Every structure is written in structure tokens, then in C-alpha cells.
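Quick heads-up: structures coming right below.
Below, chain A partners chain B and then partners chain C, in two separate complexes.
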Partner chain A sequence: MIEPLTIPVGVTLEAFTDIDFWTSVGIFAGIYTIFALGLQLNVGFTGIQNFGQAGFMAIGAYTMAILTAEEGMNFWLTLPISVLVTIAFGLLVGLPSLRLRADYFAIATIAFAEAIRLIALNARELTNGAQGIFGFDDSWDSISESIEDFIVDLGWTAVPSLFPLFLVTWGIAVLLMFTLTRVQGTPWGRVLRAIREDEDAARALGKNAFSYKLQSLAIAATIGAVAGWLLAIQLAFVVPDEFQPVVTFIGYVVLVLGGLANYWGVAVGAIILWTVLEGLRFLELPISETKIAALRFIIVGLVLIGLMAFRPQGVFGKREEMVLGD
Partner chain B sequence: MEAGTLAAGHKPTLGERFSNAVNRFNEAPYVVKAGLGVFLLDLVLVVADRWPDSFGEWILLLAIFAVTVAAMVPFEARPAAIAAVVLGNVVAVLILYHGLHDVAQRGVNGLSLGAIYALGAVGLTLVYGILKLVNFAHGDFLTFGAYMAYLVNVTWELPLVFGIVFAILTTALLGISLEKVMWAPMRRRGAGMLQLLLISIGLAFVIRYGIQFIWGTELRQLDVNRTATVSFLDLRIGRTQLIVIIVGFVTLVATGLGLRLTMLGKQMRALSDNLDLAETSGINTSRVILYTWLFAAGLAGLAGVFAGAITQLQPELGFELLLPIFAAVVLGGIGNAFGALTAGIVLGVVIEWSTLFIASGLKLAVGFIILIIVLIIRPEGIFGQARTV
Partner chain C sequence: MTDAPIFVADGIEKSFGGIQAVDGATMDVNRGSITALIGPNGAGKTTFFNLITGFYRPDQGRATFDGREVQGRPPYVIARLGMVRTFQITKALAAMPVIDNMMLAAPDQPGESLRNVIFHPVAWRRREEEVHEQAMELLDVFNLTRLADNYAGTLSGGQRKLLELARALMARPRFLLLDEPMAGINPTLGRRLLDHMQRLRAEEGVTFLFIEHDMEVVMNHSDRVIVMAEGRVIADGEPHEVRSDRAVIDAYLGGSSNGGGE
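Let's look at the complex of A and B:
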């Protein structure tokens, strides 16, 4: 056994190879990939600055959890219902506010997301307030066990218990990236980009820009809801604190890290961000846990400032598709 | 693909039908719109609170509704007056349900929060109006100010007055330094709205977690008297709250006068109105921008100390105030300092009134819903002039 290093700055190699830990980190990276794919559709390809993605995530997660744990509904049935509820909220937010200028839209959507979080925190009969909702993941657990058994049958016996969720999360993420990239090449996807480049020109060609933007927002909201379910399953509970505006901000960090107008870049951005964030845990600095936690976010902030100042199109973004400069 | 909008026989899509419905509603006679709006407002108030429980209450409620609609008639195209009438309607319904004393008491409670919102909003709106910068780090300026006061007041054990002065100076210095090293170079590169917004989010992270790095997440208190209360006219208010209200209002009046009367204030408002035009007319814009940051950050520092004095210090103190401050900025009309000032105070009071009929944890949600409704009905703000939004 290796002794933990005692020099002030060092890395504990032992923990570095902890597969359970990195599976969990991988799931978070996958969830944020999915979350930010919705932002990519809105910001990178439609040019609408959605800052309410955490709110849509909350609606998806809460609808699923409330219907399953409190109403006793079948878990699989709650998923399409929560998609419908999220789309309804997407339309509710988009119909009045998509007509606004970009900055007003950003403020309106973040206000919407915060209103949702405050309601979740205070409507105790419905959401159980700050204690949150538990016990909605029985159906998932049985699926997870069968996946685990299947992998064990294949010959890998030391499967981390979260590995099935890891597979499903990244399966969904890859599927979404593939589908969205394909959709972006269809006439529908090209209209979105036309609207991003010049909304008036798109309208002059007879395209109903408002309707397209609304569709883009509703789809992004749905993708946010999917991220919400996965987050709920990963944590095994749903609490309002998981849907702070900071979540949306980190989604934007993932987005610009991977590059705008590039769906596959989102995954790269999420993997880089989570590896760096969680890898910092293993740096043995002579400071407390809180200080290290704070340091992680200081680094996130500096990365965001640096990227925006020196490489606004992101690491893998295309300069000609840069949507930030206007 | 759908056909062009102008093509004959074009079937309107859902989005177009919605746009048409909105346009048709916008063309309706003013009285109809006003009546419908007030009806919905009163309905929400009654549903959130309780249905009238006697015939007399029904009559009074209907009378309030009728008087409000009638009072709105002469004010077509004067949104500030309409907003005042609507506010009067809300006050009347609340007095009918909860009595004059409770309404007055909550109103007084709301004034200290309103002063903080107003102090935060004046600076934010000027920066927003002049630099087109949606500054998400403005809330963290407040936190910064509060912790600077903590440093002087608690760590160095000096009176809070020195803490306030130190907080204003250091926060102002922070604002100017950031303008010099970050915002001015970014503007020279022609950075866009979202680019600047994301930078401000990064900056907010650095300030907030920098504070957390140094002081941790535990709740801290400034050395102020939290128990003493002052009574007048049957109303009670904490002594610290009263001081916040008085100092806050004096500062706000001075700010308003300064913007109205001094050359610098006029130049700031000119820049906020139209930067290019101001520059053409010979104003040294980079100097005025620097003063704007000095002024905006200084007021934010003061607001932060006040917020810390009436609540507790923690690294998210300012961020939690940011969205209501943004609400005040939008209500007042972006770039309009007087609007932000008035809207901040009104918002603080209205948010506190809302606790008369809903759980107090939801009071901020009320602020956000007001923000969204105003953005929908009148995105240029209650005090703003109609421009492209």
C-alpha cells in the first residue's frame, strides 16, 4: 500500500485510480453534456440566449419525481408526461419573451428559473420543500441491476454500482449529439442558423422566425428535462438547491469551453471541466476543504473570462460561426 | 417547408396565430385592455388571499376595481401614472383585507430592502445603459462591500462608520480597476453583448469564491444593534433598519440631485441615452465612464454594507440580491437612473406587501413574476421611453 504523500503540495495516486469516483464524475460530465446540448441548440445555432435551462431541468426532474414518488405512477409513464410539462413551460416562457431583445430575454429566462426554484422550495405540499423528494428510482434500480448482471456475465466482475447509469447517460448524450448534428443539416436546422445570422433576412425569405425560435427553445427545454431525470437518478433525490442559476452558468462554461456551434465540442467541454474540477480534489494543498471548493470555482471563473477575452469561439468552435461578436 | 407569409392561401402557423392574437389585443381600445389587466390583477390577489366573505366586501372590491379602471382612463400612454394607479389598486385591496396598520407596517419593513435595491439598481442601470453591459458581477460588488466593512468593523474593531467609508472606497476602486484592465480593453476589441455578459459571470465567480476562499461560508455579522426597535404611530421598526432607510434615502436623494444638477451627472445621463452622440458633442466619454464605475461600484458597496447590517454576511449575499436589482433596473427602464431608483424602492415595498397573502419564502418569486409581466407588457420599462426592445 502506498503511503499518502505528506509534502504540502502533492497528488494522492491512490485516489486517482478510484474507479467508483471517476464513474460518478463521468456521470456528472454526461449530465452536463446533455444539459449544455440544449444550450448549444439555443445559443450556438439559433442565437437565443437561454439562461433558464436550470429551470427546465428542475421542471423535468420534479415532474418525474412527484408523479412517481407521490402519485405512485409508473416511472416510465412519467417520463413522457414530464416532457410534455416541460414543453408547456418552454412555450409559456418563450411565447411572451422571445419577442424581446436578447438581453431582456436572458434576464427574463433567469428570472423564470429562479421563480421555479423558489416555488419548489416553498410549495411544500407538492415538492416537500428543502427536504426534497426521495424514492422514485425503484424502476431504475431494477434496470440498473440487470445491466450490471449483463456486464458481469461478459466477464468484468468489479463493475462499479453506478456504471449502468454511466452507460445510459453517455448513451443518451451520444445519441443526442448525433441526432442534433444530423438535424442541423436539414432545412429546419439551416433556417435556425439563418435566423441566428440575420433574423430579418430569414423573415424576408418567408420564414416565421418566431415560430422557429419557439421550437428551438421547446426542444432545448426537453433536453434540459432529460438531464434533470438523470441528475435525479444519480443523486437519488430531488432538492431545489440542485437547480441554482449557477448550474446554468456552468452549462455556459461547458458550452464555450467546447466551442459554439459544435455539438460534439460540448462533450469535450464537459469532460475537460469535470476532470479539472474533480481532479483538483486530489491536490493535497495545505488548505481546508471549503477553500479548495472555492478555488475550483475561482478557476472556472478565470477560465470563462480568459476564453471570452482571448478565444471567444471556444476551444473547438469555428470562428466563422462565432455568435458572440454581434 | 412552409410557404412564404405573403403567398396566397398561406395557412398561418401556431407562432403566427399567436403573433396575430397579440397584435389584435394591442389594437383593442385602451379601456378594454386596462379593464382586463386590472381584472386579472385583482383576481390573482383574491385567489392568492381569500374570496370576499361578506356582501360588503364584494361591493368594496368591485368599487376598487371600478375606481381603478376609471382612474386609468386619463393616463393612456403615461405608463408611470398607470403603474401608480395599479399600485393604488393593490394597496386598496390589501387594506380592505388586512387593515391599514398591517399594510403600513409591512410597507415600512419593505423600505430598508427597497433602499438597498435602489442603491444597487442606480449603478447597475447606468453601467447597463452606457456600456451595454449586463453585469452579473454587480451583486458580488455588494458582497465585496459588505466583507470590506466586516474587515474594518469586526476584524479591526473600528466603528461601522469607518467600515462603510472603507467599503465604498474599496468597492469603487475595484470597479475602476476592472474597467481599466478588463472592460475597456474588451470594448476596444468590439466584444458583443453575450461575450461581455459571460465575462461578468466569470468575474462574479472569481469575486464570490474569492470571498469564500478567504472568509469561508459561515454566516458572519457586522457589529450592529439587532434588537433595539423604534416605535412611532403604532408602527415598529428595528433601529438598524431605520438607519439604513434614512442613510439610504439621503444617499438616493443626493444621487438623484447629482444626476440632475451636476455637469458630470448630466454627462452620465447623456452617455446612457446615446454614447456616440454624447461623444460627438464633445464629452470626454472615457472619463465619464470611469466616473460611472466609481459611482456605481461605490453605491453597490454601500448597499452591500446595508444588506449585511440588516441580515447576515455570506458569500452569496449579493448574488441573492442581484435578480431583484435587475428587476428594478428593467422596471425603471434600462439606463434610466431615476426610474431604477423609484422602481427599487417600490419593488422592496411591494415584495414585503406580498407576504400579507403568500408564504414569505415566495416573496422574491413575486418580484420575478412582476419583472416577467413588465417585460411582456412594457419591456422598455415603466419610466422608459418607447424604443426598440
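Let's look at the complex of A and C:
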């Protein structure tokens, strides 16, 4: 007979005061916020099921890394170029497949993202295969040091080395949330919502639905590329393994947690997910660490099931919109 | 020019697999008329609407609106020309407020382009004010003012029907195609809707082509009736002529055993 009370369950308090650790977690939450903002635009506001966001993230990260580390191009110049390349891929995916029914579009995009990852894995001359690319972040490092010096000057001497990246990531995330929310309130955003509700009705009222869906996808792809740069900088390398389909699925988890059709909810969803996921690392149970690592995902799954049962619209979603959206 | 028909369809054909849904439909619609399109179930009326508004591509045939060919063009282009349709099964944008449904339909909103949203914020905001005013006026006509801020999905079937008509009118059509506008709305609101159609025709010269099963409405409120059966036009004339047409009677009696109700 098992006596639950004798099982030592606990969480060390120091874990929650480890600022280096939480800075790193915060950066991941920020990167996933940005990543999922693109998904929110597509899924929550346009009604297109983009399952290839990890592919766009990969293209952004790889273009930046290849041009900087292998071609010796100026880091800052590679950013706009990688945006253009990502948009080009967005159009390449969208033009033939956005005319498909929603579920086929989802399949087409996931296939695209996997194709990109497998090319990155096998086109070794370009991408260095599974070894990945290093040495593209010198320009970032110098900016990071200036930010760090600035903070030290302000009086906080124990600045974690990743803290500048944390600030920049969340600065970008907040700026994007603000801008996207503003744009959503314009007639342009209204057309997107109409397409989400009923594409035929929008077309019957003179709206070129295809063009709007393409714009939505291109913008989401661009946002994905930004998330890709930040991920590359955080890791200091770019490898194909970081762009597995599961990255997109975690993006969807963030969407569902935060609620559809709300940009600020995305940040809430990402913070909840990463806090639960990483906080559970410090769980002390009489089982091995690998088992605890697996258990974390089980707990996230249970949280999601609970959410579906009690608050299916997510933290910030509107219940009416979910129920009425047929 | 003003005497020329506003809309002409010539030999429109469409088959799905082995079924010939529309089999050489030919008709013209007079400018400023209220024309009813009737026929037994399965006659191809809704398919015909889909063919001339760009939702289906015809296999054969020509359709011209105001002298411009429209067959095979995308729906949004046809709508922008001024030929606007509604749907038999209403397409209310459920998770959007009624007022947003209305404002969406307004033409010439520069703010629907992302470039203008960024570079011409004053222009689109000014247009938005005009559009809001027009939308509120139209909602008033259809008794929907108090529902302006409700989600369209919370409206009753009849209210949705009215919303869809009001929304189509926001698009400033010159030729309005209505697919069973009276179905599911109560007689009082139905009368209001018919009155408004008459007024729009008189004041703004809007032309109507509407599919309808209610014979009382068809006979009393249209100036011309076109009858379709088995994908073709079998009769065309004033209501009283059509009523006594042998082919029409045969089509209705032979077509569906339950007669001409629904």
C-alpha cells in the first residue's frame, strides 16, 4: 500500500530566485510569443491554418546566419534580406496552396516546413548539415555589451549576460503586439476577420479574399523570421533540429492557452507555458530526471485538457466569438 | 442606352459530373425592373446565380452586366462592378458585430489597403465616419439599430436575412440579386423589405432579380417573371402571363409532387 504522504514532493525555493535561469526562460517565452503572433494573425484573425511557421522561422534564421557567417555580410544588412527571402517563400507556399480548402492548406504548409528542415539537414555545403552554423553573432554581442554596460551604469551590477537579449526580445514582442492590435482595428483588419468568418460572403461583397490571405501569410512569415533570428542569437548556433514541426505545435499551444483573436493573450499563453514547463524542472520526486522531463509535458497536456473543459476560449479569448464562429 | 437590358445571359451551361444543372439559360433583365426568378426545386436557379456572380465558372455561354462580360470573372470583381448578390442560406459574419458586417460592405474604403492604413490614416478614418453613418441609417430602415453592437451570430434567422440585405445595399449595388429574400422572415418585416425594394428602384434606379417561392409575393411585387425548369428558361413575361402559361403549369405540377410551395 502506497502512502502518499511519505513521498518527498517539493520544489526548492532557490530555483525560483535563479535569475540567470529565468532570464533564459523569459527569452524563450518572448521568442515563442513573437513566433505565435504570426500564427495568431493567420489562425485567429484570418482563419488560415498555417502549420508551417517553423519553416519560416528556419528560413529567417538560416538566411541571417549563412549570409553573416559564411558570406561575411554585415549582420544588420542580413536582417532585411532575410525578411525578403522569407516573404518570397511565403508567397511560394501561399500562391499555389491558399486556394486549397483549409485542411489541405494545413497539410501543404507542414510539408513545406519539413521540406525546409530536411534541406537544411542535407544541403551541407550551404547549411553545414546537422553541425549547424556558428559565428554570426559578433555584431549582436557588441550591442549586448553596450546594453549591459548601460544597465551597470544605472546601478544594477549583477546583470545576467542574457539580460540584454531578454530586453530586446520583449521589446520587439510588445511592439509587435501593439502594432498588430492597432492594425487589426482598421478596415484592413475587418476584411481579414470577414474572411475568417465566411470567405464567400467577403468575396460577394467585393473583397479579394485570396490577396488578403496572401498578405496575412507573408506578414506571419516575416514575424516568424524575426523569431528565428532571436532564437539563433539565444542559442548562438543554427541547427535543423531547432525547427522540428513540434515548434509550430507548441506555438499552437501558446495560441490556445492565451485565446484566439487576441494578440496580448499570446504573451500570456507563452509566459504560462514556459513557466509551467521550466518551473517543473525543479520538482523533486523520487524518480529520475528524464522521467521528470517527460512528466512536465504530461502536466502541460493535463493543463490543456483542463482548459478545454473549463475555459475553452483560452485566457484572453472571447467565448461568444468562439461559440458563434459556427 | 438606358433602354438596353442591364443584364443579359446567353446560353449559360454548367454540368456537375453527369448532371446538367444549368442547360443553356438565356434571359435578360430590364434596367430598373423588379424581376422574379421562379421555378421548381432543382430548376437550377441558385446554380445560375452562382454562375453569373463568379462563384462557379460556366462551361458555356456569355453573361454581360451593363455591357461588360462577367462570366468567369472572380466574384469580388463582379461585386465591384455593382452586381451584388445575397445567399439563400444567410452568410452573416457571426463572430463580428452587426455594425462591422455593415461597414465591411462599403466600397471605396482606402483603409482596406495596408499601404493606406499606414500612409493615409486621415483619409480612411474620414471615410470610416461616412460609412458608419450610412450603416446606421440603413440599420434603422430594417429595424436593426438596437442590435448594431451585437454579434451577428446572435440574430434570429429573419434578422439575419434583413442584415444580409442591408449589408448588400451598403455595397451600393446597381443590380441586386437576392436568393429567396423572404424565406424565414415574418410578414411584417417582409413587407418592409418589399417596400424598401420599391423605394430603391424608384429613388436610385436599382434593378432587382430575386429568386422566390412565395407566389403571392412574386405575382404582386414583381413587374416581370422568368421561369426556369431543368436548367432552362421556359417562360418569361408579366406575372399574369406567366401564371396561365401551359409550360409553367406543367413544370410545377410535373416537377415536384408537392406542388409549388417550398
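By our rule, the second predicted complex is superposed on the first by the 304 of 326 C-alpha atoms of A that agree within 3 Å, B and C clash if a C-alpha of one lies under 4 Å from a C-alpha of the other, contacts with A are read in each partner's own complex, and residues count from 1 in each chain.
One rule holds in what follows: a contact is a pair of C-beta atoms (placed from the backbone, for glycine too) under 8 Å apart; a residue touches a chain by one contact, two chains touch by 3 or more.
Here the structure is a predicted model, which means the values were calculated and not measured.
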(message) By the touch definition at the top of the document, which applies to A:A108: first (chain B), second (chain C), both, or neither?
(response) first
(message) Looking at A:R193, would you say it contacts chain B, chain C, both, or neither? Reply first, second, both or neither.
(response) second
(request) Could you say whether A:V183 touches chain B, chain C, both of them, or neither, answering first, second, both or neither? (result) second
(request) Check whether A:L295 is in contact with chain B, with chain C, with both or with neither, and answer first, second, both or neither. (result) first
(message) Which chain, chain B or chain C, ends up touching more residues of chain A in the combined arrangement?
(response) B
(request) Jot down the residues of chain A that show up as touching in both complexes, chain B in one and chain C in the other. (result) 187, 205-208, 323-326
(request) State the interface residues of chain B toward chain A in the complex, per the touch definition above. (result) 1-7, 13-16, 18-19, 132, 134, 182, 185-186, 190-199, 201-206, 208-210, 212-213, 216-217, 323, 326-327, 330, 359, 361-362, 364-365, 368-369, 371-372, 375-376, 379, 388-389
(request) Note which residues of chain A are touching chain B in the complex, please. (result) 43, 49, 95-97, 100-104, 106-108, 110-112, 114-115, 118-119, 121-122, 187, 205-208, 210-212, 214, 249, 252, 256, 288, 290-291, 293-298, 300-305, 308-309, 312, 323-326
(message) If we count contacts the way the header does, which residues on chain C are in touch with chain A in the complex?
(response) 53-55, 74-76, 79-80, 84-87, 91-96, 100, 103-105, 107, 109, 111-114, 117, 124, 128, 151-154, 167-168, 171
(request) Show which residues of chain A lie in contact with chain C when the two form their complex. (result) 183, 186-188, 190-191, 193-194, 196-198, 200-209, 215, 320-326
